[in-house]
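Beneath this line is the structure, given in structure tokens, with notes to follow.
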Amino acid sequence: MNAAARIEAILIVSPRPVSLRALSRAADLPEPETREALEELARRYSPESSGVVLRHVAGGYQLATNPACARYVESFREVARPAPLSAAAYEVLATVLYMGPITRGGISAVRGVNSDAVVRSLVDRELLREVGRDEEAPGSPALLDVTEEFLTAAGAEGREDFPPLDELVSAEELERVRERVVRSGREAG
Amino acid sequence: MNAAARIEAILIVSPRPVSLRALSRAADLPEPETREALEELARRYSPESSGVVLRHVAGGYQLATNPACARYVESFREVARPAPLSAAAYEVLATVLYMGPITRGGISAVRGVNSDAVVRSLVDRELLREVGRDEEAPGSPALLDVTEEFLTAAGAEGREDFPPLDELVSAEELERVRERVVRSGREAG
Amino acid sequence: MFTVELDVYAGPYDLLLKLIMREELEVFEVPLRRLVELYRSTHLAPDLERDTEFADSATALVLLKSRLLSPLLEPAEAGEEAPLLSPEELAGRLKEYLKIRRAAERLADRFKANAGYHPSAVSLPPRRERLAISRGRLLETARRVFSRAPEPQTHHLGPITVTVQELAALIEAALTRGPRSFDEIVSGMDRLRTAVAFAAALSLSSEGRLNLLQSEPLGPITLEPRP
């Protein structure tokens, strides 16, 4: 695929600006070519005629809606059903709320099914974020925690607004869950 | 702003397919003009040259990356494609697609094997969902059906996009199965 | 290490159909009545959980080989009665299953062809007031998740596969000092483990790791390691 197409595809899956360097690395292109491709895209996504524009902001490059179309986008958001959280999403959020910071492997171990796709969509929705790495585990996997956004959406000021876990489940059950998380950490990698 | 730009701006902020009706309402355009604008966008976002393509799936329209650029997108996201589904999972999906809405028990009966675990993982991946209950059956078990996510993953506009079940296997082949089973029954009997 | 992809075992109908389509003679040697018992146990067995998928297929294999292994053929569960399928009925089910099987293959192709599309993730600043997370539901979910009985590990292999691995390893270990009879190896095992052990032995045999010997129909089976 041509250079501009590669860059375009990368930009459209990124909710945040992407640096020139990250773009050129992912697109497998030298930086000068990446720059040229971006110029081509800037012409194509021009504010005069396009509903989508290429923005060059502090952190890098980003596709965004043309402010001239803001009215229609707003009107769409009024009619669009917000995607409700799935049962799986609730499970992952509950797991991270009470067990976090926790790795993706740990979440999957608690739930008993691979949870990577659900985690990704929650990170995209800014309800979860990476807060560091578990240096003890092989491969130092990322640790996830709930965000401010999550607390706001749940109408909570902080974690302490939720009842402690031992009020929800027995100590014995809790021990079993913790054991599973620890075991998954040891087996990872 | 021109019609295509309005539609483009709406589509780029929607990860899910948007129906013609919702598009035309939000863009404040009559449906025929919306349709024309979509045709214009389809030419611009063509799979030959563009990194982003216009898809018509699950009863709506969606901007998505061109599969020809998948390599770069996946390298950018640093996530592997989700594990492919198992043969059993595709069987369960096919059963629900053609026989649904159907209960877990119904699925197991068609496949000749307990399918609850497979169903659970497909509900988790949002490819199946519960759409009601079979009030006639004892215990009113839940009825499952395929989701919008399923249609999108299959690149289908709707159920009618799939060939009728009876066209998938030739009459000769079916007769061969019957004849062999019946003969083996006679011989062994 | 010996592994079995869960994919191989899509259920007894799948297995039966494969044998029929491949025109393997074995299928004719199997008394239909016994096959029917298999379906009965498949549908009515009460406590089958996620292991069932494989266990059923293993049982199917065992039953298909029933001429080889008569001791495994006691009726499924005492007191369980189910209507027997006539050959026509069984043929009818297999025909329906064959259509689904074909549909599943087409579906797999479609999913594969569409796997490279990634939806736009260009988003607007979040509108906080739109997304509400129910705290009640969150707590209810937490209670359920943390008190759920632990399920077997399922990374990319089904949990039952681990059992097959174990049993395959056990069989190989048992054969290090020469041939052993199957009965000896499975003595003390329950029906399910015995069935899975037999499937493991069949798999090892098809991998060329051992020979299955039987001197007379319905006679005892000997497992002999291959060099």
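The first chain written gets the first letter, and so on, giving A, B and C; residue counts start at 1 in each chain.
We adopt the following convention: contacts are C-beta pairs under 8 Å (C-beta built on N, C-alpha and C of every residue); 3 or more make two chains touch, one makes a residue touch a chain.
Note that the structure is a prediction, hence the values are computed from the model and not measured.
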item	value
Chain at the geometric heart of the assembly (C-alpha centres)	B
Most remote chain, CA-based centroid, reference being subunit C	A
Distance between chain centroids, defined by C-alpha means - subunit A, subunit C (Å)	37
Centroid distance [mean C-alpha coordinates] between subunit C and subunit B, Å	27
Centroid spacing, where centroids are CA-atom means, of subunit A and subunit B in whole angstrom	24
Residues of subunit B touching at least two other chains	12-16, 52, 63-66, 68-69, 73, 83
For subunit C, residues that touch 2 or more chains besides their own	118-124
Residues of subunit C defined as touching subunit A within the complex	118-124, 126-128, 130-135, 137-139, 141-143, 145-148, 150-151, 154-155
Subunit C partner contacts - residues on subunit A that touch it in the complex	9, 12-15, 52, 62-65, 73, 77, 82, 85, 87, 90-91, 93-95, 97-98, 110-114, 124-127, 149-150, 152-156, 162-163, 165, 168-170, 173-174, 176-177, 180
Subunit A residues within the subunit B interface of the complex	1-2, 4-10, 12-14, 18, 22, 25-28, 49-52, 63, 65-66, 68-69, 72-73, 75-80, 83, 86-88, 113-114, 116-118, 120
Residues of subunit C that touch subunit B when the two form their complex	6-7, 10-14, 17, 20-21, 27-33, 39, 42-43, 45, 48-50, 52-53, 56-57, 86-88, 90-108, 110-124, 156
